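These are the structures, in structure tokens.
Both of the next two complexes hold chain A, though its partner changes from chain B to chain C.
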Partner chain A sequence: MRDADPSTNEREFLLAALKDGARIDGRKFYDFRTLRLTFGAEYGAVEVQLGNTRVLAKVSCEVIRPYTDKPTEGFLMFNTELSPMASAAFEVGRQTDEEVLVSRLIEKAMRRSRALDTEGLCIVAGEKVWSIRVDIHFLDHDGNLVDAACIAAITALLHFRRPDVTVVGEDVTIHTLEQRNPVPLSIHHIPICTTFAFFNNGERMIVDPSFLEEQVKEGDMTVTLNVHKEVCALSKAGGIPMEIDQILQCTKIAVVKVAEITAQIQAALEADAKKR
Partner chain B sequence: MASITTEEESKLLIVLPGDQLPESGLMEDSSAAHRLTLGPGLAPMDDDSITAVKAGILKHNAVGNRWWVESNQRRYVAAQGESIIGVVTGKSVEHYKVDIGASQPALLGVLAFEGATKRNKPNHNIGDLLYCRVSMANKDMEAELECMNPTTGKADGFGELKGGFVIKISLGLARRLLDPKNLVLRLLGQHIPFEMAVGTNGKVWVNSANAQHTILICNAIRNSEYLNSAECSAMVKSLVEKM
Partner chain C sequence: MSRLDRTRTSAHQLRPFFSSQNLLNRADGSAQFDFGESSVMCSVVGPAEVKLRDEKLDRATIEVVVRPLVGLPGIKDKAREQALRETLEPLVLSGLHPRTGIQIVVQTMKDDGSILATAFNATILALLDAGIPLKSILGAVTCIVDAETNQILLDPTTQELANAKSTHTFVFDNKSSITSDSTQEDKEAVEVSTLYSDSTGLFSEEEYFECAQICYKAVQAVHGFIRTAVQKKLEKEQQQIHS
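Coming up: the complex of A and B.
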């Protein structure tokens, strides 16, 4: 089942309200919805709520043999699943364009920006490395899946602890969580996505579009930054053309948003660490 | 949940799917009566027993010995006689196809409008918002709609909704909004003049003088779902003050 297009009334009201300087849920143009992070009982399980959009990320690890041409490189894999639970428009086993875009963007933001130190995942060069797998489940779709998924993935990686290992000669011992304290992954930086949607020939620009805003938008762009103001990825798949000035303005807004979100993630992680 | 007084507690009967009602003694007084009217959430079984098929609060009305379960859900299941808000998604010679938020689109005959004849009938386009009544709803079939009162043939307020904005809320909240004593709507009405149409399919259409007011009303309605009366008045007050 395809998602029904919004009614003419909704579309016209949304555009008129934007022209008037208001968004349909009462937010300001550059406001994110309320972000809530909930940690699971195990390490590496995080549920992110961005307004009514909900995403669950779970990190797991296993020991595997590395590629022969990269004997010291560990693996980092992302698995995104847009199930019918999120929205009736998603079907099992059939990838929509949206799903491909979301998973590609997360790959770009996380792996290609080298957020995780994959060399640090090596146990014995050429023999054994850790393979880290991040499963991202979309539980409820109310727009802006990319930002929510990105926050979920990086928070889960920060929260995750892998079992400790000791290497004596050729022998590798993997200690269970009871035997030794598990160790965190070494993460270089925290990339955060900020999605912009454009209306009114690109004159009106908003952050964190909701589902209805996504349906009515003329174009969108996702900027991935970290707190050090380094651009990790920039994605603009179709939509209206944009001026350079506007892209620069977007990144400037994103810098502020990224700082806020990073602070919130770190506060949530600290609060959780105290409870454990 | 809001604090419940002991008196209310004794009346609050919560049933779960599969609960057999006469057995549990809940319907004792009525089992002797000859006629029994079952509403939503209750179903007669093969062995003449009555079983709850939804989780919720068991309600009873002595008039006509009526029993039903008050439950809440998000997905609409069409039921005959209910007023709903739908979006036109398709058009054919005899029918409009209308999305009502159910598992299947509903059909609205092109002649099911006040005073419509084969020569003179209203023309609706894809994307139009219609306030209509479910005229037929059978299991496993597409529901049928009409935009008039079947006994009088008059429009009775049904028809196209122009302008305004629509929000989707839970079915339980939509039913509560239809209560003339509903607190949030009364409070909002004291501050802002507005018009609205509530569909039992969880769609609510709101229109007022300007966009800011409409947005405020929509937000207040959405926020009111899990608030008690004191919190509700505080919420409306703070929204109106911020305006």
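Coming up: the complex of A and C.
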């Protein structure tokens, strides 16, 4: 089932409102929707709600043999299949362009920015390394899947604890959660995506577009930053051409947003740690 | 005897239920159902447009998609899809919506055993939420026969499943439910209608029927819970309309 295009009335109303300086859900141009983080009972399970967009991330690990050319490198894998639960437009077993873009962006933001220390996942060089798997389940699609997925993935990785191991000579013992306290992953920095949508020939830009806004937009751009004001990834796949100044302005707005979101993630993690 | 999960005192005790309906905004109906730390989310879209090759001239096509918590869908998930679809097909009044499709997506949110039973209960709540016409309501419960004690344990956790000699999942409809005001004769006259039964492992005939009996009694609680959940939801909706 394809998503129905918004009616002319809806489209015109949204564009007219934007021209008058308002968004239809009452947000300011550079506001995110309310972000809610819920942790599961086990380590590494996080449900993220960004307004009506809902994403579940689950981290799991296993011990595998590394590649021979990189004997000390652990693995980090993402599974970002779009489920038809999020929208009936997503079909099982058929990748849409949107799905490819979303998974590529997550990959770039998290793996290629070296957010996770993969060398730290090595147990015995050339023999055994940890493979960390992040399953991202999209439950409800109300726009901006990328930002929600990115927040879910990094929060789940921060929340996750892997079993402790001891190596004596050639013998490797993996301790169960009851035997020894599990250990957190070593994470270098927290990359956070901020997505912008452009309207009115690129003159009007907004943060965190909703589904309707995504359908009407002229172009979009995703900036991935961390709190140290470092750009981890930047993606502008098509859409209307932009001026360089605007891109700079986007990154400046993103810096503020990233600081807010990072603070919220850390506060949520601390609150959860106290409960355990 | 205390159970392995330490929260339950009896072998025939179910974990606490939790349900929530109408959670998702893009689906026509959705629900989450929990048995303790096992949780399943289900969404329903339909009756809607259907692909030409799946179209049935006299009834709605029911499509079930089961998605695991970790990894890509495998054979186990395909088996669950088939179990859900074939159990629901006779239950849904699909003849009322010919040449349409009803898509059901089942997503495991937390896994601590008895996932198939949890999925059945979540699905029926989501179908009710979507307003799909149904013949009756179902309720599902899993039980195991413990390998050491030969005791029948209801609603097992992952840990308990590891010690199971055999595992049995039963689904019953609510047409034959024993209500509090039914007389003794009614109770004896009810014909238990089993919608689905799945057993794995080694077990005797007596064990199987004992399991079925225990699960049937336990399912009455699930039926009652579903009834209350729907009732509460409708009352809330009524209040919203009148306020």
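Simple rule for what comes next: the second predicted complex is superposed on the first by the 276 of 276 C-alpha atoms of A that agree within 3 Å, B and C clash if a C-alpha of one lies under 4 Å from a C-alpha of the other, contacts with A are read in each partner's own complex, and residues count from 1 in each chain.
Criterion: a residue touches a chain if its C-beta (ideal position, glycine included) is under 8 Å from a C-beta of that chain, and two chains touch if they have at least 3 such contacts.
Keep in mind the model is a prediction, meaning the values are calculated, not measured.
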| item | value |
| --- | --- |
| Clash or fit (per the criteria above) of chain B with chain C on chain A | clash |
| Chain B versus chain C as contact partner of A:G26, first or second or both or neither | first |
| First (chain B), second (chain C), both or neither touched by A:K108 | neither |
| Contacts of A:A16 with chain B and chain C, given as first, second, both or neither | first |
| Which of chain B and chain C A:L139 touches, first, second, both or neither | second |
| Chain B versus chain C as contact partner of A:S7, first or second or both or neither | first |
| Which superposed partner A:S60 touches (first chain B, second chain C, both, neither) | second |
| More chain A residues in contact - chain B or chain C | C |
| Interfacial residue positions of chain B with respect to chain A in the complex | 87, 89, 99, 125, 127-129, 161-166, 205, 210-212, 214-216, 218-219 |
| Residues of chain A that touch chain C when the two form their complex | 1, 40-42, 45, 47, 52, 54, 56, 58, 60, 79, 81, 83-88, 92, 133, 135, 137, 139-142 |
| Residues of chain A defined as touching chain B within the complex | 4-14, 16-17, 20, 22-26 |
| Residues of chain C touching chain A in the complex | 23-27, 37, 41, 43, 45, 48-49, 65, 67, 69-72, 103, 105, 107, 109-110 |
